[in-house]
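Given below, in the form of structure tokens, are the structures.
First subunit A sits with subunit B, and in the next complex the same chain sits with subunit C.
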Partner chain A sequence: MILEWKKLARTGFVPGLLCAALLAAAFPAVNMAVRSDVYTALDGSPLAILLDANWQLMAMLNLFASVLGACILYHIEYAGGAMQKMDTLPLRPGTLFLRKFAVLAIVGAASILLETASLWGCCLYWFGGRPVPAALLLRTAGMFLPQLLPTQLLLLALSSLCRNLWVSLGIGVILIFMATILPLRGPVLSLLPFAAPFETGLASLSSGELLRSLCLLGAQLIVFAAAGLACQKIRRCM
Partner chain B sequence: MTISKMNHPKANIIETHELTKVYGNFTAVSHLNLHIRKGSVYGFLGPNGAGKSTTMKMFLGLTRPTEGYFFIDGKTYPADRMEILRNTGSFIESPAYYGNLTGEENLDIIRRILGLPRSAVDDALEIVGLTQFRRRQARKYSLGMKQRLGLAEALLGRPPLLILDEPTNGLDPVGIHEIRTLIKSLPRQYDCTVLVSSHLLSEVELMADDIGILNHGRLLFEGTLAGLRDLARRSGYPTDNLEETFLAMIDEDNQKGRLNR
Partner chain C sequence: MNFLKLVGVEIRKLRRSFLLPLLAAPVILMWIPSVLNAQNSFDTGGIRISPEHNFFIQGFMGMVWLMIPATLVICTVLLHQTEVSGRGMVKMLSLPLSPAKLSLAKCTVLILLFALQMGMLVAAYYLSALIASQLQDYSFLLPLGEVLPITAEIFLSSLPMAALYWLLAVLVQTPVFSIGAGLASIVPSVLMINTRFWFLYPPSYPFYVIMVEYGRRAEGIYDTQFALFPWLPAAAAITALSLGLACLKFGYTERR
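For the complex of A and B:
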């Protein structure tokens, strides 16, 4: 895995994705600073108010960052023909893919952590009188990651098949917009890739429903991982 | 077709049997029977599009044979893929590198995958004469330097088998001379076998112990240089210049091909 990080030197991968995460984290703070009286006047859980007001844009930024990250991870392999070299080394075809996914997932987790910290800060600063249970906050953050992972896996499989950076970038962006335009509602449709990262209500579900959602996301992860690994075998012999 | 029998079939590191690759309805490699002796430099000769790269890609598991089979040191795909690749250094068609990394970092990535000691990188840089430029990003390398980096990647860890596809492409005359001398010296330096392809007989003549001549995917000749001279004499090809012999052989084969079609 260290190898995959080393390969990203000087690509702008880490600074670029860090910027996206910082931007997403700054958004609720800026939004509150500008319109605090509107939001503090609302009834209900401060966390729910903040998520309703900001998460759509934050999730969108996370998705864009994932698209960009997945594209860069394979662009470096194809740009100088290094992919063929990797294919002639004693390395299992799927290993590279899974390591790259781990890199993308870690960046995703770090971004979500940063964004949750920002949301928590906003709760404390502007809703000081209405405490937010730490457990709810952690559960929310803890769910955002599994919501994002299947989409990241799918994006990575896509970019592993596209020699041209712009093709995978274009398809990724189109898929994000499709997900925001199509009315994907309900317990199953809303958890599909590209739609799931926008969902904010999972943490407040009953534990039975929560478990079902997690199983659904887990199943997606397994199916897409299997598909991604199969893609690597096909790609090598193309 | 003339194939002189090799003396020690047991000592072959690569043997192919009726190896064939078909792309759609185009036969790139046709019923190839190669014998590459352990410890030799084998020159794989043929005009552009003859099927040299395709054959080498099959040896590296990059593409699957349509028909026939081959053994590399008694091993075969897919069962022994990892074992074969661990012992094979390769350079196929053009240098492969991460442009954002320096020459040294590029080699270090491969070194870690192969599980070699750190000194292997310095060793490889030294052999190809890239030590001076090891801290420069590979995308800023000249074509010749990229070519050398590709060779260093193949030589990393001094594998027992080297598969080099037109390694002198894009080098200047001095570079070509250096690389040729290097390739020629490798089997003696550390006991390896080199399979090197080229479209110039004059080049292969200077490096190789054995040669195989390929045209339109078919093997026209396999044997030693002396054997080729002998054949030229007997078949009435020009003998004073082997390049002429090569061209005459290819030309005759092309004529035959046209008649058959």
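For the complex of A and C:
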């Protein structure tokens, strides 16, 4: 696990993804600073207003960062034939895959934490009179991570299969594009990978529905993890 | 070697790169929901626009704001990555050719790939409009004389952006930052278009063009005239600056 971080040292992975997260976090603040009177005039929960106004673009930045991260994590193995060297080590390719996923998930969690902090700051600064319950905020942030994880896992499986950086990048971007133009609504379709990160209403669902959504996301996680591990077996045959 | 031959060499390098399926996939996929939901084109939500124009504009808009800049970013990565494996860059620079010429040849290929995709976009539009017309029993087909100028405008307005992304790929050697900056620049274009300084931000140009064309066909949506004055000089300056810098700096890490 530590090795995985070390390998990323000179790729710009951490600063790059951190920049993306900072950009996403700056987004609601800039939007509020420019058009604060429009948004503060709206009724309803400040958090819901902020999410409605900004989350689509923030989620898109998160997705782009995930695509990029997944591409780079395996690109460093393919460039310079490091993959063959890894395959000769007493190390399962599946373990490598799961470790890389852990790296991506940690960066994803850090980005979401940063973005939630920014949303909270915006709530406090511009909607001072209307307090946001901390529990709701935590629940929202807590839901965004499981919404993002299946997509990241799928992307990583994809990039482990593609030798060329640009093929996995292209497929990832096309999938994001599809998620933005296809009308994916409803309790099941909206939780598909690439569509789920755009969803904002999960935290306000009743606990039964919330549990069902979490189960669905968890099931996706298990299926994609199995598929990703299977990809590692196939890749060695190719 | 003359310039055309250089471009030919660059195109040959792209064999076996899964290029065509990746360029064609978004173009084909984006029309599927449009065809399936073609009846929604009749429901214009109070906006005065004919169904066939609605079908055309809505379809193109999804493509223009996200997929065109993304295609350009992906193609710059492709052009750059073909040189990374096997130290192709060093070999290229050791040829008795000026690096500026090589850089321009690669940029030309980038624009050719983009033109190819725009061609596919028009073909896919006519195919899907034909299918939608059959399904809905209403002609969604627009004359070629109307579709081609808009496509050409979108193509031309994307050239400054292509030059900018090419400069980014030349200057920034770490792929994380060049791709990241490219992809991140797409996201705020929707916001930039609503500010007074949109003409300083090339990724928003094609979106501006499609919005003006939308405004011409539906009253009161957006401007109906191109604000050519601050735009053309700014776009020309950005393009010239980007191309010039890209030519000067092509392969600078390998030349040190």
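Just a few scattered comments:
Note that in this section the second predicted complex is superposed on the first by the 238 of 238 C-alpha atoms of A that agree within 3 Å, B and C clash if a C-alpha of one lies under 4 Å from a C-alpha of the other, contacts with A are read in each partner's own complex, and residues count from 1 in each chain.
In the analysis below, contacts are C-beta pairs under 8 Å (C-beta built on N, C-alpha and C of every residue); 3 or more make two chains touch, one makes a residue touch a chain.
Not measured: the values here are computed from a predicted model.
In the superposition on chain A, contact of A:L182 is made with subunit C only, not with subunit B. Residue contacts after overlaying the shared chain place A:A20 against subunit C, while subunit B stays out of touching range.
The partner of subunit A that touches more of its residues, comparing subunit B with subunit C, is C. In the overlay built on the shared chain, the residue A:A70 is in contact with neither subunit B nor subunit C. In the superposed model, A:L217 makes contact with neither subunit B nor subunit C.
By the touch criterion stated above, A:T11 is placed in contact with subunit B and with subunit C alike. Of the two partner chains placed by the overlay, only subunit B lies in contact with A:L3; subunit C stays clear of it. Applying the stated contact rule after C-alpha superposition, one finds that A:L148 touches neither subunit B nor subunit C.
Once the two complexes are laid over each other on the shared chain, residue contacts for A:L169 go to subunit C alone; subunit B is not touched.
In the superposed model, A:M60 lies in contact with subunit C only, and not with subunit B.
Touching of subunit A by both subunit B and subunit C, each in its own complex, is seen for residues 11, 79.
Across the complex, subunit A meets subunit B through its residues 3, 6-11, 76, 79-92, 236-237.
Note for the complex: subunit A touches subunit C at residues 11-13, 16-17, 19-20, 23, 31, 57, 60-61, 64-65, 67-68, 71-72, 75, 79, 164-167, 169-171, 173-174, 176-178, 180-183. Within the complex, the subunit B residues that touch subunit A are 60-64, 81-83, 85-86, 88, 90, 92, 94-101, 105, 108-110, 112-114, 137-139, 153. Across the complex, subunit A is touched by residues 17-18, 22, 25-26, 29-30, 33, 37, 62, 66-67, 70, 73-74, 77-78, 81, 84-85, 174-177, 179-180, 183-184, 186-188, 190-191 of subunit C.
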